[in-house]
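What follows is a short report on a single structure.
A, B, C and D label the chains in the order they appear, each numbered from 1.
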Amino acid sequence: MSARPRLLEADHLVMEFGARGVMREKQTVQAVSGVSFYIDEGETLALVGESGCGKSTVGRLALRLLEPTGGSVRFEGTDLGSLSPSELRAIRRKMQIIFQDPYASLDPRMKVYSIIAEPLVTHRVYGAKRETEARVRELMSRVGLGPEQIDRYPHQFSGGQRQRIGIARALALNPKLVVCDEPVSALDVSIQAQILNLLSDLQEELGLTYLFISHDLGVVRHISDRICVMFLGRLCETGPTEDIFRTPLHPYTKFLLEAVPKPDPHLRKEKKALLAGEMPSPVNPPPGCRFHTRCPESGDICAQVTPEMRSFGARQAACHFIR
Amino acid sequence: MDTADNGTLSIKNLSTHFFTRRGIAAAVDDVTLFIPKKSVVGVVGESGCGKSVTALSVLRLVSRPGRIVSGSVSLGGEDLLAKSPAEMRQIRGSRISMIFQEPMTSLNPVYTAGRQVMEAMMIHGGTGKAEARDRTVEMFRAVGIPEPERRFRAFPHQLSGGLRQRVMIAMAMVCRPSLMIADEPTTALDVTIEAQILHLMKELQETFGTSIMMITHNMGVVAEICDYVYVMYAGKIVEQAGVFELFDDTRHPYTLGLLGSIPRHGSPKGRLLGIPGTVPSLLDLPKGCRFSPRCDRAERYCSEREPEMYEVAPGHKVRCFHCSGGSKGGSP
Amino acid sequence: MSDMNAEETGSAGAGAGEGGTTAGLLAEMLRNSRLAAFSLAVIIFIIAASFAAPLYMPYDPNKPSLSERFAPPSASHWAGCDDLGRDQFTRLVYGARISIMIGLVPTSLSIILGTALGLVSGFAGGRTDFFIMRLADVVLAFPSLLLAMVVSYTLGGGVTSIFAALAFVGWAATARVIRAQTMSLKEKEFVESARSVGVRESVIMLRHILPNCIPNIIVLFTLNIPEAILNESALSFLGVGASPPSASWGLMVYRYKTYLMSYPWLAAAPGAAILIFVLAFNFLGDGVRDTLDPYMKD
Amino acid sequence: MARYILKRVVISVPVLLGVALVLFLLLNVVPGDPITIMMGEHIKPALVESFRARMHLDDPVLVRFVRYITGALRWDFGVSYKLEREVSDLIRESLPHTIKLTVCAALVSWLIGIPAGIVSAVRHNTLADRFFMGFSLLGISLPIFWAGLLMQYVFAFRLQWLPVTGYYSLRYYIMPALVLGWSSAGAIARLTRSNLLETMKHDYIRTARAKGLKETAVVTAHALKNAMLPVVTVMAIQVAGLLGGAVMTESIFGIPGLGRVAVNAIADRDMPLLQGTILFTTGIVIAGNLAADIICAFLDPRIRVE
């Protein structure tokens, strides 16, 4: 794995959303607080965590669809923050995104052709419309859409088919990196499997790199090479997928894996270790380790000192108590 | 298993159709289902399979253009479909209660959580306000709501998703029903909260002896808490079995596909089994076996005749010709 | 219930074929709603009848005939004659032209202005938004009839000042609706998706957001027309409307109200004409709104 | 919530100022000389001069506007050119009539509109629904002045049940209030209906039914309270419509209210009077909207309890 060149590197990303109105004291939502990670070419890195942990925000920061409050993203060695708007638009050819909601991510007033052709037209990839159309048809067949569907509107498709349209659009410009933001969580299980298979095939054929954002640990285990586990805007643990699933280090990771309902009644447990309480507010996150209010292993230091990421073999975790 | 009538709920040959402008949709088609006392029975399937409509049919809460067209639903031997609307109201919320998928929208935003739970008790129990209040607080405590007195006065928007679902469960349990219908109760929740809620439901079921009808699309949830499972596809039950039997000796190609679609721990990275194609529209169902166009084992007769439910083992029935001889077919 | 609707109607929609375009939806509405289709027919009939009037009307709308002053309705004079002996029905038919102009011109102006300002306001946000919306607040705070009265007074009366007055009063509500929709569309994933493939902001606004506002614009348009007609007739009735030779229906009511007790039909007929015309537009507008409503949701 | 209310109040101030400015610009600046507009072309130059001086027309616009605003704050809207009386006195005299009329009309519109809307929603797609919705659409399509004239003809002239014009007792207000209230009732009924229908689709309605509540209790206890929140806002916006409509009803039924004063001011080209009455009327509208926001805040726990 180390032989692969580094594609993207995020360094101490910080994102704060200001909820400020007239005559209201400023409230900042600390969506992402110092997240660093890298992705090597051809691999799949998964970002997992529960809602509100900031994983989708990280995905958008990686593509610079959001301007970070702090930190930087380097794509193929270029600092995205240093680019002008037109340079940024040009580099977007190499990085694309697939969205969660196939109902909201396609413009309902456009036909399939225009949706898939839009990136090609925007970047003036082809001179003639004939070439563009040929490319659109090629993409459609690659993702499993019939050529007769080219003139239909999104609402005439089922959720799985719409997701295929979204994938075709994302692939139109031959990107290197594709951010998949919960691409299957809105779909039925059987359709989920189709789309996951498609994503795997495409990765193999086209040598794609995925940043795969998901809350579904089963899906993540299936598709990713490495994982970053997030809790309330920070990374808890990162490392090779199987290592983390076999022996999670961080207490939060342990609870998360334990909580997932396993599709096998023989794995039922009478006494499951349950994580108590609710997610703290990102407006006013706990000091020190953000997990300490719910962590049964926490000590005095956890409320005072923010744990740094420390290496444990191939893995890193942020907890004071891991030996 | 479904012969004894002394269970909690027995649904026989229930059909609920939706009379839409574009035709009649048989959302629930000839469903027979039995829920024994003190058990958790799962009804599992993908969207549009009719599992939620089945649940609403039990409470007779199917809204227009839907209507129950035939069959029977009996609760402890009483035919619910023969009840007058007033009698049915007495049953809702007291003997059968229901919780829903979206805790965010299932509570009325303009009333306090406590008031909404109290209301359920006061219309059924004839209890006074003070007693209803005390019992609500007690119920809040029983469902694990911290600081129940304070939460009693809280409005829904002040509660997190997990707490709202606990309030819904408190509302459902406060009259000690014999059956609680849970329609995807954890789908909208985060996985750690889901684990809490499932644990709570199991615990309440054991303490109060309430049966639970668990509507879900998640095989993990089924494996976790159900005793017996019905698998639905396009309005019909296609397989039913005890939970261990269903996972160990899966028979129906649809159930196999469903299980094969789940990325399982330990499964190698690569392809998932999946099911080709999409769920058919209820307005335009395939002839014969409804699963036949997506089935890799389909023969010509599958798309001509509709298979019956065949008993392949005691308590294990399958709607598939390939299982009719009791042969083991293509079990994994 | 949720599982009945979500996927089911989604995939069933695939069989419906047409219906993607607004025009297709409206055509379907006319087929399904007899009331809307009838209303549209009435409107088209009135418009055609008034513009073709010189071709078939036996009377001149402006030629007095002293012998027929205040003639009651009869077979030859369907709505009687006025104080100068002019045939009132002829005058009504000709007067429809004014109502149509009043319905279309200021409404178009206010819709164009309101859409442009609402779009910019919602898309740009910040100070631009604040300024435009405060202006809209100010306009909306006036009772619309009073504001129209003042504007028309300032501009010195006449048809153009009525147009200007009604447009000035009407844009603000449109701007608010379009702004709200723009703001919700702006957050949609398809806009982010366009941004992620490198589409320029101005192109996003015009190619993605504006087309998605079209159902709303059409609904606002159909519902604003009757309002403009009513407002104009009210202005005319109050004596700040168009000047006499081009008699609008409102002005006719104003002029004949003095004869109400002795010749009631003179004031009754033009008022009834307004009512029928406005009612037809409102029925049509309701049909349009009900049809496009699911497409207006954010 | 105190903060919410304070915020609403603070926001209304610039709106009111904006209203004053727009009105001032429309009436004082746009086309040339207000004196000529007021008095016509052929008047003695000396008279023009005296008016210019009296109205400080030679000062810069901004100075005049500030003077006007500071005057208005002290309840001084200037002097009516035609009637040669304080505008504030004229407003004070006409205001009670307009209030009586609008309150009566508002009561009519709420008492008819809200129940009609509820019945239409609950009996959705029935004959009752169609009847009430037809009635409502007729109301909003009706030219108010024409309906007023017809009622005068039928009920006052033919049947002689009610007085034609005047303002001497409540009987005189019956017809104007009905005419004015009907159109408003139509809008309220349509809104109540659509909101209630929308609310009835919410998940918490299903929860209420699953609890075993009677349908009437589901509607009254659970749906109505939510559905009426936007209606309250619109009831306030209706005040603007009623005040605008009052202009017509007052002139038809001979009620010397604010609207009639404004119409007469236009006819007389009496600029200070027109400006004063309209500014005052718009002020009432803004106050009404503010009141609605505050009522909503009290009714909606999502705003009340933070």
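The criterion applied here is as follows: a residue touches a chain if its C-beta (ideal position, glycine included) is under 8 Å from a C-beta of that chain, and two chains touch if they have at least 3 such contacts.
What you are looking at is a predicted structure, and each value in this text was computed from that prediction instead of being measured.
**Q** Pull chain B out of the set; how do the leftover chains group by touch?
**A** Leaving out chain B yields one piece.
**Q** If you tally the C-beta contacts, which comes out ahead, A-B or A-C?
**A** Comparing A-B with A-C, the pair joined by more C-beta contacts is A-B.
**Q** Return the chain whose centre of C-alpha atoms lies at maximal distance from the corresponding centre of chain A.
**A** Centre of mass proxy via C-alpha means gives D as farthest from chain A.
**Q** Report the inter-centroid distance (CA atoms only) between chain A and chain B in whole Å.
**A** 32
**Q** What's the distance between the Cα centroids of chain A and chain C, rounded to whole Å?
**A** Comparing mean C-alpha positions, chain C is 48 Å from chain A.
**Q** Taking the mean of the C-alpha atoms as each chain's centre, how many Å separate chain C from chain D?
**A** Centres of chain C and chain D (C-alpha means) sit 21 Å apart.
**Q** So the centre of each chain is just the mean of its C-alpha atoms; given that, what is the distance between chain A and chain D in Å?
**A** Centres of chain A and chain D (C-alpha means) sit 53 Å apart.
**Q** Quick one: which residues in chain B touch 2 or more of the other chains?
**A** 46-47, 278-279
**Q** Touching at least two other chains at once: which residues of chain A meet that condition?
**A** Each of 158, 188 in chain A touches at least two other chains.
**Q** Check each residue of chain C and list the ones that touch at least two other chains.
**A** If we look for residues of chain C contacting two or more partner chains, we find 1, 7, 11, 14, 16.
**Q** For the complex, which residues does chain D have touching chain C?
**A** 14-16, 18-19, 21-23, 26-27, 30-31, 37, 137-138, 140-147, 149-150, 152-153, 157, 206, 240-241, 243-245, 247-248, 251-252, 259, 262-263, 266-267, 274, 278, 281-282, 285-286, 289
**Q** Please output the residues of chain D touching chain B within their complex, sorted ascending.
**A** Result: residues 202-204, 206-214, 217, 222, 225-226, 299-302, 305 of chain D touch chain B.
**Q** Within their complex, state which residues of chain B touch chain D.
**A** 59, 61, 89-94, 97-98, 100, 102, 105-112, 116, 119-120, 123-124, 155, 157-158, 168, 171
**Q** Spell out the residues on chain C that touch chain D in their complex, using ranges where they run on.
**A** Counting only chain C, the residues touching chain D are 1, 134-135, 137-139, 141-147, 149-151, 153-156, 226, 230, 233-234, 237-240, 250, 253-254, 257, 260-261, 264, 267-268, 270-272, 274-275, 278-279, 282-283, 286.
**Q** Which of the residues in chain B come into contact with chain A in the complex?
**A** So the residues of chain B touching chain A come out as 46-47, 160, 162-163, 190-196, 198-199, 217-224, 243-244, 247, 257-265, 267, 269-276, 278-279.
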